[in-house]
Amino acid sequence: MSRYRLIDGAGLIFLAIVLALAVLVPASNLWLAPDSALHIPDYLVPLLGKYLAFALLALALDLVWGYCGILSLGHGAFFALGGYAMGMYLMRQIGSRGVYGNLVLPDFMVFLNWQELPWFWLGFDHFWFACLVAIAVPGLLAFGFGWLAFRSRVTGVYLSIITQAMTFALMLAFFRNDMGFGGNNGLTDFKEIVGYPLQWAETRAALFAATAVALALGYLLARWVVTSKLGKVVVAVRDAESRTRFIGYRVENYKLVVFTLSAMIAGVAGALYVPQVGIINPSEFAPANSIEAVIWVAVGGRGTLVGAALGAVIVNAGKTWFTGALPSLWLFALGGLFVATTLLIPKGVVGAVTDILGIRRKSELPAAPGVVAPKTAPAEPAQ
Amino acid sequence: MVAPPMLSGLVRLIAFAAFCAALVAGPACADAIDDALSGFTTDKYDDTDKALQGLVATAAPNGLAVIEALAAGRLLFDPESKTVLYKDASGALKLAKTGEPAPAELAGKPLKTVRVNNRLRRAVDAAGGAFELRSPDAAKRAAAARAVFKTRESTALPAIDHALADEKDAAAKKALEQARAAIILGKADAPEAERAAAAATVASVADPDALAALRTLPADTPVSVKAAAEKGVAAIERWATVANVIQNLVYGMSLGSVLLLAAIGLAITFGVMGVINMAHGEMVMIGAYATFLTQSLIGAYLPALNSASLVIAIPVAFLVAGAVGALIERTVIRFLYGRPLETLLATWGVSLILQQAVRSVFGPSNRTVQTPEWLQGSIEILGVSLTWNRIAIILFALAVFFALQLLLRRTSLGLQVRAVTQNRRMAGSMGIRTPRVDAMTFGLGSGVAGIAGVALSQIDNVSPNLGQNYIIDSFLVVVFGGVGNLWGTLVGALSIGVANKLLEPFAGAVLGKIILLIAIILFIQKKPRGLFALKGRAVEA
Amino acid sequence: MLKVDDISLHYGSARALKGVSVEANAGEVTCVLGRNGVGKTSLLRAIAGHRPISGGSISFGGRSLQGLRPYDRASLGIAYVPQGREIFPLLTVRENLETGFAPLKRAERTIPDEIFELFPVLKSMLHRRGGDLSGGQQQQLAIGRALVTRPKLLVLDEPTEGIQPSIIKDIGRAIRYLRSKGTMAIVLVEQYFDFAQELADRFIVMERGEVVESGDAKALQGDNVRQRLAF
Amino acid sequence: ADDTIKVGILHSLSGTMAISESTLKDAMLMLIDEQNKKGGVLGKKLEPVVVDPASNWPLFAEKARELIAQNKVAVVFGCWTSVSRKSVLPVFKELNSVLFYPVQYEGEESERNVFYTGAAPNQQAIPAVDYLMKEEGVKRWVLAGTDYVYPRTTNKILEAYLKEKGVAAEDIMINYTPFGHSDWQTIVSDIKKFGSEGKKTAVVSTINGDANVPFYKELGNQGVKATDIPVIAFSVGEEELAGIDTAPLVGHLAAWNYFMSVDTPENKDFIAKWQTFTKNPKRVTNDPMEAHYIGFNMWVKAVEKAGSTDPDKVIDALPGTEQANLTGGVSKMLPNHHITKPVLIGEIRDDGQFDVVEKTPDLVPGDAWSDFLPGSKDLEADWVTLKCGNYNTKTKKCGGGA
Amino acid sequence: MTIGGEVTSALLYLDDVSVTFDGFRALNRLSLSIGANEMRAIIGPNGAGKTTMMDVITGKTRPNTGTALFQARHDLTRLDEASISQLGIGRKFQTPTVFDMHTVEDNILLALKTDRRPFPVLFSKRTREEKERIDALLERVRLTASRHRSAGELSHGQKQWLEIGMLLAQEPKLLLVDEPAAGMTDQETADTADLLREIAKTASVVVVEHDMVFVRDLGVKVTCLHEGSVLAEGSLDAVSANERVIEVYLGR
């Protein structure tokens, strides 16, 4: 029977690693002596946390791209919106410790002469409200956007490009000081989260652990969706959209469900990212960021979930390393990595590993072929 | 425009100079020249200004040469002996006072340049203008008259009247009359009727200067003159609203043609071939750098061809970018046919590599590409001003578009390209050499992107980031127009350009762009396959 | 003319052809018969160069086709009418036909009138996009397109699929006519037994990727071939 | 190792800011090299640690952390955009390290761990406007900028200042454009129209980065000459002009605290070293490079004075440190962590250099909190006596406003 | 043909339907009605409009004019593909289209008649009945051996069968079958005819075929379309004796 298991071999390994990290990284950072070989230094904790937040974003993207065939070039927008929601909460937590010492208004508002807190900032002094917004706003945007686009049957590159236009428009909007989100400088100089100073190693460790747990949960949720029958319908949509309609599935609703869910996961990723990197600003909306996220997924292996997360970590760790070790040549290294990945391991890292290990992928979900070819230049029919 | 006080003084002196020159230059004048010249040697703007006025006042025979030298930064002085000298256009060192070659002992000394600032530059222009009203060249006389029209300095009236009396050339005469009218209009002691008539003449010029002249009449101006001026203003403004719309349309076309140029190569590599070509922008950049190199090489080795360097750069950029494109196709893209999404990943990598390569070779900062003489400046038609380079880009973009359209529709290569991209394997079985066609097509798209780089080097930064600025817009244009349809790209580019420029005056550049993006998103809901969507079974299959 | 000798072909690790041999001569029609999924199309793909073979050899006119790309084979004179038609959807009917000019000399680049005589519907639809045609019209176009290249070997994969009876008869006549010219070899995959029987000079029957029966036209009359085709 | 002192260099070498920041990395390498030739600091050699934050703001914070925590640098020279500085601020505070920031900025900041060697608004914008009023008789103003914090703030300050000087609201036109804006047709033509209403008009440009080249090209093409409508820019220096055909721009202005063309022995020496170091006899210098020059030398002096690279000691030693700048004066680090600088106005020459047309007679002390913004009028920064970056002189409290 | 009685009794009722593509009339005032449990064979020259007619019925193509009613109350010209399918109209395409990346078994599973809304689908569990039904269907289309293969790997004829299986899985009230015998051996063709006759006992079937042996096998009323309208209708013998049909379709 081809009922797919919720957790397959790779998934089990993945979950084990992520959950182990959730425990070991904080433990090693907080309790091992600094000169121990296994000690994880302070600076590494938020860095690893950032990778995991990106991994969660990649996971969200793989859900829509790998399984539903929606190549979103605007997922960074959902991530950034989640980040802004968290940033607004953190901003409010600064209280009167800002440079102008204004209890209510964030510094940039004082400085631009705002007299009172705009309505859309209300409520952000509550952590749970911010968390809710971090999920709800990306979800609502995705729902509204998807409702329009999927109903009108915007597909393929057309959809990709308008998602890109969406994030680009948001970027320009958030750049504007008038928007009330701190303009180009964005939100930064955070002090504490739910009462714990962000500078404490314990807080950082806790944030890391939370991110790891969120990644594990995100994986389970995504996996549950794709192994359900809905997952099969969605893959059917990816491979033969109109055929799916002819057997009675309302394709737009399926896409909408997955797209919205994915956006909410991306929002969570953004909300976890911000306290760990300490700044959120409009460049997170930059189309290039969204494209990069797509690339993480491709590097890791599209349509595998585990691969997406892995790709995000690999590329970002590579970036961290290259920018320090080869500051003026690292683009060659990174660019070369992308080209090499495509040519040498077309199925991504996970695909390559499974191929090498000769793991039979019978129980695996259908592999993903290319699907976003412009319709006028059809991909070659599968041989 | 109310001229600063020292300027009006200067022009008054010019009038006097004309008078002084008419007399036989006496010793009084000669002393005055020495006096005047000494002002150039203090390295203070105020003194330089006075010196300039003095020079004009004395109508020194060599005055024009000195003023020209001052304007060009060739007026020098010896800080020790306070002698003023200048280099003529050929570089020969001459004495300012007499125009005789400078004594050898001065030539070896550390001479200082007489510095000018904007105020002096204006004064120099005006002084030069006074001399030029008498130039043998009719075009120069007209230009000088137009300069007076701008300043409306009443003291220039005698000179204008004088020039008008002898003027034969129709254009120059008209310009002189307009200049005269501009002065009369503001002249409190001129007859009322004449001033009112002058208002009409000024209004007929219908440009910003005319508007300024009509608007800035003093409070004590007679009612009839004011009324005439107001009528003129109203007429100009009425036209201005129309002109504004036309202007914005033209600007929109111009922006659109830039978008078209940037996008059209992508319309081939992406639209026709289906490669999600993130390195497209870098092909544009390579074209721009090819232009820079061509210009530098020509400047260094074939200066005679300098003014044609941009034209020569077109085939060079095409070949260089095309070759790079073909190379990328042969080494990377060809392994990815049938896997279009992976082209996104690979070309993104290629784009990073190319950016860094250019940064490593040419450095991170901007490179200068000169605008040839014949592309500089603008023409003003009835209040609508068009710059030459924009006109050139519009025409160039259209030319590239139609050439490409012809190539794809009318040649066998075009047919083969389309066949290959629609079904590579079957095209092979029809005897089409698919690898060659693939390389040529990708090379063609890249080459066209390179050509766009030539044009963009004229209006934007030539830097390693050049391409990044166009990639999003290019994809937007191609998709908005309808993938795979060149006409769609044309219409898409122009309509986005025009819409942008019509929005900008109301919403500002930032909000305008946001509105435009949202409008495009909504538009795609109406036309999910772009403006020029292909219809029918062929597409849905 | 065409000599397929003991070839094997794989899809991934699955073997679709095992030691298949077949010959086709000028002026003859060679029919390939067999049930669904036995490897007929795979054999033709190997001949056309759409799939690499993993063993054995194919030669044409005495020349090995090893390593030759589809376009090389086309210029040697092999034309292919694939199953599923594979016309160029966005090219017009005329352009679809003109893609066949590629291996021809400049002077030969015309569409032979006999194509329009055979398929008059193509003439009336020259400007319609190939993808918009009905299934049967596309099939006619695919055959017409192959003939434009003036092939020496014509490889047809179920050419009658989806075609109306009168035109099937025309195609039969056309194949007979082409055979009668004596210069062209024809390989025909056909499920429609009567049609095959009428045309075949020689035949092979395949089963599970192997040739299980072969012979000349007379041998086809017997019942054992029909039996092979039943399940 | 312990025998070297590590110096962090945090400038983008790729991405949009590479165009400006790469030069500063090279300048720092040269300064460090020079210092090592002189024997280093405290008898130890200096060792540069270069990383690439790639014009990515969160990456700036990450790289700052890497430099301080992992590479253990004693000091960091870096950042260009304000957002990058804002992004690294918490890191410097948390890990208690020292940052030298070399670029003109919007002010409204004074942090214990940061030393601002670029201009505050009062060291650039206000003197520039004064010059235009006095020397060019400008009555109408176009404030054109890129839409982000620095231009917005600068323009706010200028607007308040101009109004105080009696300029009517309708004589001020404010225009913002996005980063990288490249189509200036409409805006330049609007400026032309705005300038044709009979009053002398000038443009004060806070347009940043890439957008400048197309802006100036459009000015040139539409024939907006400096003699008609001069443009004074705060973000265009020699490096930016190196990419533009300057012939049509002659006479347009820029306000900085340094120009390459300034004729002093120090500057000559600096330029010569720079061109030798970069092996390019045409390489230009610019204002932020001078800022790094001043900042670096001040740091060296402070370290020697403190006898240690310990951040707390260096931070205490820096205020009051003096260093001859390259334009013939001596800059001093003020208690508010800004420095004194001369303000220079230059006109663009056709060789891409500036002709200095005005120089303030005295050095202007950098003001962290603008006197023209209501929120910050009463704030004062003083890390020496008050130990506070935002002391409210009204409420007498550290920690800002009401 | 606009008798009220026919409208109400017919399962499918097309009247005066025209479709034009850029001026070309693919359907020209076509009228047709199919009764409950009726099987109808449609023949006609290539390009007569047979497939286009199916496109109209299934909501793929919107007619320029005309009426298309299902069960006398559903206006097919206003519904989208999914709704029409949910009404009980199933279709097999002329070129077989299956879900290439899914296994053969999953192709059937997705087609099974169940709630099609996303959330019920998300939470659905496969029941024993479903499993048995899938087994039976696979057996019927002789693909049991291939049940775990990806559908994309099937040969052309196997895909035809899979698509027939999917059609059956939907348990439609009306089956539109476009050239089911294409690419099948003679015996398979006969088997298909058997299958269709069996189905027609409980549902209505519209079959398009060019294979006259097959059509004869079906033994049902035949409609011959030509240039978008009905040219002849009746028993196969009657229709194939029609001079015009011979001229434009059968040939001599």
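Chains here go by letter, A, B, C, D and E, matching the order in which they are written, and residues are numbered from 1 within each.
Here, contacts are C-beta pairs under 8 Å (C-beta built on N, C-alpha and C of every residue); 3 or more make two chains touch, one makes a residue touch a chain.
Here the structure is a predicted model, which means the values were calculated and not measured.
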Handout entry: subunit E and subunit B - chains in contact with each
Key = A, C
Practice task
Please flag the chain sitting at the greatest distance from subunit A, going by CA centroids.
Solution key: C
Practice task
Could you say which chain's mean Cα position falls nearest to the mean Cα position of the entire protein shown?
Solution key: A
Handout entry: Pair joined by more contacting C-beta pairs (C-E or A-D)
Key = A-D
Practice task
Going by C-alpha centroids, which chain is farthest from subunit E? Tell me that one.
Solution key: D
Practice task
State, to the nearest whole Å, the distance from the C-alpha centre of subunit D to the C-alpha centre of subunit E.
Solution key: 74
Fill in the blank from the handout: The distance between the C-alpha centres of subunit B and subunit C, rounded to whole Å, is 63
Practice task
Express in whole angstrom the distance between the two chain centres, defined as the mean CA positions of subunit B and subunit D.
Solution key: 30
Problem - Residues of subunit C engaged with two or more neighbouring chains - result: 11, 50, 84, 86, 89-90, 132
Exercise for the section: Scan subunit E for residues touching two or more other chains and write them down. Expected result: 21, 60
Problem - Residues of subunit B touching at least two other chains - result: 355-356, 422-423, 425, 468, 484, 510, 513, 534, 536, 539-541
Fill in the blank from the handout: The subunit C residues in contact with subunit B across the complex are 48-50, 69-71, 73-75, 79-80, 82, 86-91, 95, 98-104, 129-132, 145, 149
Completion exercise
The residues of subunit E that touch subunit C in their complex are 21, 24, 44-48, 50-51, 94-95, 142, 153-158, 160-161, 179, 182-188, 210-212, 248-252
Problem - Sites on subunit D touched by subunit A in the complex - result: 13-14, 50-54, 56-59, 61-63, 65-66, 68-70, 81-83, 86-87, 89-91, 94, 108-109, 147-149, 152-153, 156, 178-179, 373-376, 379, 389-390, 392, 397, 399-402
Practice task
Spell out the part of subunit B that touches subunit C in their complex, as residue ranges.
Solution key: 412, 415-416, 418-419, 422-423, 425-434, 484, 534, 536-539, 541
Exercise for the section: Would you mind writing out the residues of subunit C in touch with subunit E in their complex? Expected result: 11, 14, 35-38, 41, 83-84, 121, 128, 132-137, 139-140, 158, 161-170, 191-193, 226, 229-231
